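Multiple structures follow.
Presented sequentially are two complexes of chain A, the first with chain B as partner and the second with chain C.
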Partner chain A sequence: MDKRLAISTASIAVFIAAWEVAPRLGLVDPFFTSRPTQVIVAAADVVRSGTLLRDAAVSLSEFAIGFALAVAIGVPLGLLLGTFETLRLLLDPPIMAVYATPQLALLPIFVLWLGIGMSSKIAVVFLGASIPIIVNCMAGVRHVDRPLVVAARSFCATRLDVFARVILPASLPGVMIGIRLGLSRAVLGVVVAEMYVSQDGVGNQIMRLGSAFHVDRLLVYVLLVSTFGLAATSAVRRIEERIAR
Partner chain B sequence: MTVHVRIEQLTVEYEKPRAQGRFVAVSDVNLDVGRGRFVTIVGPSGCGKSTVLLAVAGLTAPTRGRVIVDGKEVTGPGRDRAMVFQEFALMPWRTAVENVRFGLELQRWSADDQTARALRFVRLVGLQGFEHYRPGQLSGGMRQRVGIARALAVDPQILLLDEPFGALDAQTRETMGDELLGIWEQDKKTALFVTHSIDEAVFLGDAVVVMSRSPGRVLETIAIDLPRPRTIEVTDTTAFVEYRRRIRRLLGSGQEAHG
Partner chain C sequence: MRSARPLALGALSFAAILFAWEAGVRLGWLNPFFTSQPTAIARALLGGMQSGELGRAVRVSVEEFTAGFGAAIAVGLALGIAAGWFRPVEYALDPFIWFVYSAPLIAFYPLFVLWLGLGAHTVMAISFLLSVTPITVNTIAGMRSLDPLLLLAARSFGARAHDRLWKVALPASVPMIAAGLRLGVGRALTGVVIAELFVPSGGLGSSIAYNAGLLRTTDMLASLAVIVVIGVICTQALSALEAQFSSWRTGPGL
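And then the complex of A and B:
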């Protein structure tokens, strides 16, 4: 474990060092790549001016609302679809159609319906996150070990007992996988949707700073997104591990 | 001796998946099990012996005939019967005690009773020190001890055991059979035990029901007149060997049922 940590740390350190040194030696043009020290200075700037906070707040709200809705609706819907075959046969085709469609392909329609404010981004996040959640919850229920259900019934379990005490806990790993996959789709959805149609937010800033050649500040925002994505994903992973234990 | 479980002309057919027609799992099975008797059912794989058990458990509906327990026709699972499964059927996210408590929870035993009672039965089956282990951390034999404790904890009148030791190695199997008898001797619940091992059937049973290959029918019910309490030494006696020979002949030589 320590060895793995050491190797990973070394790899990051080497990358950052190369990134700092290469432009100084004239091997690459810092206009295009910036340097870690410049990025740190730029980060201090955007934090002090308050723009980072403002954009992060907008993006985070869109993400949080869309993702919370996706979990709140996707999990129960997926569990229901896994339990009731008729419902599944009924809703499987449209869900699969949406599953196969990149969530961002529908962005223009959402803008048409909801405008360029937060609502259209929330819709993209919701759509992107809810589909993997639904699909994985459904699979989780369908892969519940049959003998467990039979055993519960032999002890006089009611249908509700079977659901609450067997199907729900047994499908929890599937639910968590869905949430983790939905999470990365949600982050992607926020940023890219903001790049296309928005007046603020992290994605919007990345786009603007790119057109203005502010590579250092642009990278601050990119790092913010990847740090957030990484932190959120590993948080879900930790919950998964606790469940699997 | 009063009849506790009566199986009358039980026939169970299943719809064959995808193909037309029906599969006859058991055909016209008749059996009386006296209260407090340990009856074993032996037969080759796929002879429907588990189906008989599922019908008594109320988990499979008879196509024809019926199962009568305590004078009442079985229409579904009941608190008077508890089952032990070949594949253990333990919840992997629950510890040994929590698995044993499962049946108590479902049957709405009073809440403070549940854990204490579950602990008592986990220890009864010899799992002291492993109360808070999950099934994944236990050996096959230990898992089935949990399965047996779970069934005993709900205090059933009838124990239904569906090849409970089928997934265990020969050595563990012998020990488990021996210990099961020890536990059973304490209060002599009516027991129906399905196995494909002739030795196990004779060793455990007051009577052995010998079933034929599919469709499952009862070939013969043989009373086993061996003294109780039995220990594993009984398997070396002439009487035991004679029972084994008789059953093996009934099943036809070269059957996979080993003995």
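And then the complex of A and C:
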């Protein structure tokens, strides 16, 4: 484990050193790549400017509302579809069609329906996150060990008992995978939706900085988003591991 | 008869959705300005096919997808094999893989436009970057999950490192690699569509963005319908490929 940490750290250090030195030697144009020291200065600027908090608050609330709706609707719907076969056969094809399509393609239509404010972003986040949640909850229920269900039934458990005490706990790993996959789609969804059209938010800032080629500050925002995504995903992964144990 | 039931129910639900949509518009419950209607979309698709406009957009998008995903397969497999076989390579690559995986890469599109021009090359680059990570990660995972006994057995029968890699480790990781390709296909397609929303390349995503600007809901939904069809075809093809390769799996797990 120590060796792993050492090599990973060394590799990041080499990358950062090369990134700092190459523009100074004139090997690459710092206009495109910026430099680590510039990014650090820009990070201080961004934190001091105060717009970061406002933008982050907008993006985070879009993310939180859309994602919470996706969990609140996606998990029960997925569990229902996994349990009732006819319902699943009926709804599976449309869900699969949406699953196979990049849901962000619907962005312009959501903007037309809901306007350029927060609701179109919430809709994109909701759709992007709920599809993997539904699909994995469904798969989770279907992978429940059948003999367990049969055993519970033969010990006179009611259908509700079977669902609450056998199917639900056994499909939890699938539910968590769905939540983790949905999470990363939700993060991407917020940023892309705000970049497409918005008045504020992190994605709006990214769009402005990118179009103006402020690469240093752009990188600060991109690093913030990916750190958030990575932290949220690994938090869910940790819960998954605890459940698996 | 049992195998016909899913098909029948699936067709029924699509028919019901289309019927409700069309009826809703005709009865005045839905405003066609916002929702359009299936018959109008079908007419737009036919018109697009006849004028060749649709075919051109499909060709552009498919080319971008093929180039981006193809490059992702080549690079992802090469990186994955290197990192899967040599642990230090994996440790060195790991932080970068996770950054590329979790970063909203579309944020860099203005830079790509400067480097690669306002068009298909930028879209290809974004599609490549989005799809290369799942392929790399799954190739590494496939080679890591290899049963060490297999390698030991190969070694004790005198297989050289070269043979152990190409004849034992790689074939054994094919199911995981196939799963990575299936994940990658979705992300490659997402990359093409997102990039096209921002970068006018003449593809289907650009057509959606263009028609959205003109508030032409019908044309927008017609392009979207084509994207849905392409997405379903790609996903089905890769699932079939994956099923083919996982049928070799012997024993539980992996």
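Quick note on the criterion: the second predicted complex is superposed on the first by the 245 of 245 C-alpha atoms of A that agree within 3 Å, B and C clash if a C-alpha of one lies under 4 Å from a C-alpha of the other, contacts with A are read in each partner's own complex, and residues count from 1 in each chain.
Convention: a contact is a pair of C-beta atoms (placed from the backbone, for glycine too) under 8 Å apart; a residue touches a chain by one contact, two chains touch by 3 or more.
This structure is a prediction, so every number in the text was calculated from the model and none was measured.
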Task: Room on chain A for both chain B and chain C (clash or fit) - done: fit
Open item on the list: Between chain B and chain C, whom does A:192 touch in the aligned arrangement: first, second, both, or neither?
Closed with: second
Open item on the list: Let me test your reading of the model: by the given contact rule, A:152 touches which partner, first (chain B), second (chain C), both or neither?
Closed with: first
- [ ] Would you sort A:108 into first (chain B), second (chain C), both or neither based on which partner it touches?
- [x] second
TODO: Classify the contacts of A:169 with the two partner chains as first (chain B alone), second (chain C alone), both, or neither.
DONE: first
- [ ] Of the two partners chain B and chain C, indicate the one touching more residues belonging to chain A.
- [x] C
Open item on the list: With both complexes superposed on chain A, which partner does A:243 reach: first (chain B), second (chain C), both or neither?
Closed with: first
Open item on the list: Between chain B and chain C, whom does A:160 touch in the aligned arrangement: first, second, both, or neither?
Closed with: neither
TODO: After the superposition, pull out the minimum Cα separation from chain B to chain C in whole angstrom, please.
DONE: 6
Open item on the list: Show me the chain A residues, by the header's touch rule, that chain B contacts in one structure and chain C contacts in the other.
Closed with: none
TODO: Provide the residue numbers of chain A that touch chain B in the complex, in ascending order.
DONE: 145, 147-148, 150-157, 161, 165-166, 169-170, 172, 243
Open item on the list: Considering only the defined contacts, which chain A positions touch chain C in the complex?
Closed with: 3-4, 7-8, 10-12, 15, 32, 86, 89-94, 96-102, 104-109, 111-113, 184, 187-188, 191-192, 195-196, 203, 206, 210-211, 213, 215, 218, 221-223, 225-226, 229-230, 233
Task: Residue ranges of chain B in contact with chain A within the complex - done: 57, 59, 77-79, 81-83, 85, 87-89, 91, 93, 102-103, 105-107, 150, 154
Task: Contacting residues of chain C [partner chain A, same complex] - done: 5-6, 9-14, 17, 34, 88, 91-96, 98-99, 102-104, 106-111, 114-115, 186, 189-190, 192-194, 197-198, 205, 208-209, 211-212, 215, 217, 220-221, 224, 227-228, 231-232, 234-236
